[in-house]
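Note that chain A is present in both complexes that follow, paired respectively with chain B and with chain C.
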Partner chain A sequence: MDLVANNLSYKPDDQYHLNEVSFNFKEGNLYTILGRTLSGKTTLLKTIAGLLTPDSGEIEFDGKNFLKIPVWERNVAMVYQQFINYPHLNVFENIAFPLKQRKIDKSIIKEKVMDALKSVGLLGYENRKIQELSGGQQQRVSLARSLVKNAKILLLDEPLVNLDYKLREQLREEFKNLFSKGLADETILIYSTTDPRETMELNGEVIVLDEGKVLQVGPAKEIFENPNSLKVAEISNDPPMNIIEAKISDNQIRFEGIDVEAPQHLSKLTEDGLKIGLRSSDIELNENGHEFEVELAEISGSETLLHLKRGDTKIIVSIEEVLNFKIHDKVKINFKIDRAYAFHADGKLASSPFGGLNG
Partner chain B sequence: MNFKHKYFFLFPGLFVLIGILIFPIIFVVRLSLSGWNSYNPGLDYIGLENYIRLFTDDPRFWESFFRLSFLSVTTVILQYVIGFALAHMVWKDIKFKRFFRVLFLVPMMTTPVIMTVIWRTFFHESLGPVNDLLSVFGVAPKWLTDPVIAKFTVIIVEVWQWTPFMFLLLLAGLLSLPKEPFLAAAIDGASPVRKFIYVTFPLMAPISIGAIIIRLIEASKIMDTVYVLTSGGPGTSTETSSFYIFIKGLREFQMGYAASMSFTYLIIMIISLTIIAKVLTKVLLKE
Partner chain C sequence: MNKLYIFLKYFFIVVWTVFVVAPFLWALTTSFKDFQSVNGGVTYIPWVDFEPNLEGWKVLIKSPAKGGVDIIEPYFNSLFVTCTASLISIILGTLSAYALSRYTFKAGFVKNNDITFFFISQRIMPPIVLSIPFFLFLSSINLLDSLTGLIVVYIVLLMPIAVWIMVDFFNKVPREIDETALIDGCNPYQAFLKVVLPNSIPGLIVAGMFCIIFGWIDFFFAFILTFTEVQLLPVKIVALNSSVTPWWSLSASALVSVAPLIIVAFIVERYLSKGNLSGAIK
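Showing the complex of A and B:
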């Protein structure tokens, strides 16, 4: 049973929330929608769920026109970024709610709810009130509620974004386990996120969305290795990929008075307006490197993010240790230039180290 | 904090409280133990004689009390159901939402006594427009002079007058509900009807209890509608407690006896409203 969309558009004001979005989702697969905030992820999920009607376009599921089927008959489940539950019901009743909407025997409901509670690690909490739970637990309840009904389409709208760092890591692990257990071979799982790392870890088919438009579709690895444009490279990297305006001539990449020998995959690109893309992790501190000035140094977890500047060029370097820098300190860095990308002036990928569009 | 003059600053408030609440209640109790009437005005002491008379020799008071219970419970239930339906209707995005919200409040903005006079004219048996219309079908109910129908006329007028108040409270309640559970319910497969039963109604329970209790207290004072519409008639068939107490106390000037009725009525109301509030909380909030 496939979920197919054709040219979905939704434009409630003067901005597109969805702009000619098409896809073909197959059962038993995990799809990740990657995009920044306000890129249309939630709109897309709501449209699939039936909470929004697009201005134009079609959605078909199992060969039937999905738009004609009201929300409550669509057999979808959704987990929201806010932890949405029923405040007047306890944990058990919350999870049982979708089952009670169909005429299912009480003993079966109990069994299924208990199973769901077990799979999200909340056994023993069934009589608690929702307000007595922590954010992470509330989100588990709403996850359990979405699992219990065995929906054909499971939508997860940035389910981890409002949780603190530790819980996020933990729940992400649990998600991976749940998904890999083959939740159900017939389920279409759609997971939206702003976090490229989450996308890579979940390792499904990725749809990159920006301003309501699909920019690229492909396996997570492919998106990571060969982003088809500057935008995708920015969206699919955190911190965003560094973009340096440079010129390539005589086998040298030149910018801000620095000359770096061009790797083979870039050497033939001599056009004007070329942009070199380099991930923050592909730049390292090196005594013999080029001098940059520190604009800002942030420590995040066990990493240090250095915002550096030289002339008009600003770059971000991530270093896998905690280091203390002061603003205006001078540091020396080296570029792992063989991992550099090149983009044309119009933003399209010109060449990637992984073989996309070589030359 | 020990401040020498604190009683001085508390005094104005306490004085008002004593003057308008505590003194009148104590005075009514004292009055109920006296035989004050128009022949013998004065605070003499006759013991529990008034109460004995009330409990053993005055079926009219108890009839009026049960009639009041019937009228107030019926009107409040109707007001709740209709008020909820109207509030629910203009809660959603419909056309002319603002217009309807104001329209439904109009009855509350009118003067009850004047509106009742107009209703009396409406329901006039030979001259009123209601029977004029109904005469097309060959019927002419005695809206104001049939002992049974007259009760329903009182109910109609009360419901018309006070449903807007219920509407206002319930609409405020609906507008304050979180939106998220409704999104969840739709996704979870609840049709609009089930969504109402399992989400809207339970979420509205605390507000509903408040609104019902407020209206019950108000409704148990039904007086002006009865006074203008039927004057308690025909016979005593629409007479309510407050109207009967009014007749005894302010028409026949049996002040002592009216005081004993008032005090008894107050005690019964406090007890029964407490019980009703408890029961409603138990049923609607499952606590």
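Showing the complex of A and C:
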């Protein structure tokens, strides 16, 4: 049973929320929609759920026109980024709600709810009030409610974004287990996120969305290794990929008075307006490197993010340890230039170290 | 520091309690006094300062022929009109408020906020402005001096309160809750009845309380729109006044007329103290 969309567009104001979006989702697969905030992820999920009607375009599911079926008959499930549950019901009643709506026998409901509670690790909480639960537990309840329905389409809209770091890691791990346990055998799982790391870990088919437009579709690894444009490279990396305006001549990449020997996959690109892309993790501190000035140093978890500047070029370097820097300190860095990407002036990928295009 | 805080806290509670309760106590003792005990200087304690009697209360239930005012019928009229009008206002107001909160309306330059303001603007107008239109309207449909006519007018006056409170309340209930109900297999009516309404009980109680209070205390429209057939309590109480002000029966009537509001307040307070009004929606 495939979920097929053709040229979905939705423009409620002067901006496109969806712009000619097409896809073909197959059952048993996990699809990750990666995009920044306001890129149209939620709009897309709501359109699939039936909460929004697109201005134009079609959605078909199992060969039937999905747009003609009202939300309550679509058999989809959705988990929101806010922890949405029914505050007037306790945990058990919350999870049983969609089943009661289908008038299923009470004993079967009980069995199914208990199964769902078990799979999200909330056994023993069934009589608790929703308000008594922590954020992570509330999100588990809404996940359980969406699992219990055996929906053909399961939509997860940034389900981890409002959780704190530790819970997020833990729940992400549980999601992976749940998804791989065969839950997805006949379900189409659609997971939206802003976090490239999450995308990589879930390792499904990725749809990169920006300003309502699909920029690239492909397996997570492919998106990461060969982003087809500057935009995708920015969206699929956190911190965003560093973009350096440079010129390549005589086998040298030149910018801000620095000359770096061009690796093989870049050496033939001599056009004007070339942009070199380098991940923040592909730059390292090195005594013999090039001098940059520290603009800002932030410590995030066990990482230090250094915002550096030289002339007009600003870059971010991530270092896998906690280091203290002062603003205006001078640091020396080295580029792992063999991992650099090159983009044409119009933003299209020119060459990637993983063999994309000219490589 | 801590002790001072506790002392000040209880001090203010005591002062406030006296401030609130004293008028009631005063009215209660006065209602058992007669002409002499009221006019013969300040008296406080029954049987010590003055001899209590039931004259003030008896006047309220005696028929006019026997020199009383008989507030029993107006009392039940008032209860009936207030409760019916409040109930209808709450039902209509809640439905309108839900529509205004969740759906987009547009007729030329008129949008949701304008419609909401239109409702509220009914309460901004001074009542005197409304009196003539209401009078002419009721007389044209033959409902002057009738309970039905009063209920119609009170709905016009009370529904804006319900709309106003409920729009605000529904705007605070996340839309995603309705959407989740739809996704979970409810049609829009079921989503409203099974999910939105049960979570709006605090709002309904507050709106209901305001409707009942404003309906119950109205004197102006009850006075203008009724004559002899139907009378409401506030109008009847005024009829008590004569050349000699009967403080004892006025006090008694004040107490019986405030009683329903006190009962409402106690019910709401109980609900409040259970914590049901807060934290329903995160």
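To be clear about the criterion, the second predicted complex is superposed on the first by the 357 of 359 C-alpha atoms of A that agree within 3 Å, B and C clash if a C-alpha of one lies under 4 Å from a C-alpha of the other, contacts with A are read in each partner's own complex, and residues count from 1 in each chain.
As a convention for this text, a residue touches a chain if its C-beta (ideal position, glycine included) is under 8 Å from a C-beta of that chain, and two chains touch if they have at least 3 such contacts.
For clarity, every value in this text was computed on a predicted model and none was experimentally measured.
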- Message: Taking chain A as the common reference, can chain B and chain C both be placed on it without clashing, or not? Answer clash or fit.
- Response: clash
- Message: Let me test your reading of the model: by the given contact rule, A:K112 touches which partner, first (chain B), second (chain C), both or neither?
- Response: neither
- Message: With both complexes overlaid on chain A, does A:L51 touch chain B (first), chain C (second), both or neither?
- Response: both
- Between chain B (first) and chain C (second), which, if any, makes contact with A:Q131: first, second, both or neither? second
- Does the superposition put A:R140 against chain B (first), chain C (second), both, or neither? neither
- Task: Please work out whether A:K231 is in contact with chain B alone, chain C alone, both, or neither, and reply first, second, both or neither.
- Result: neither
- First, second, both or neither for A:V76, with chain B first and chain C second: both
- Overlap of chain C and chain B interfaces on chain A (superposed complexes): 49-51, 70-73, 76-78, 80, 82, 84-88, 97-98, 101-102, 142, 145, 149
- Task: Please give the residue numbers of chain C that touch chain A in the complex, ascending.
- Result: 174, 176-177, 179-187, 190, 195, 198-199, 279-282
- Query: Contact residues on chain A for chain C in the complex?
  - Reply: 46, 49-51, 70-74, 76-78, 80, 82-88, 97-98, 101-102, 131, 142, 145, 149
- chain A residues within the chain B interface of the complex: 49-51, 70-73, 75-78, 80, 82, 84-89, 97-98, 100-102, 142, 145, 149
- Touching chain A in the complex, chain B uses residues 178, 180-181, 183-191, 194-195, 198-199, 202-203, 205
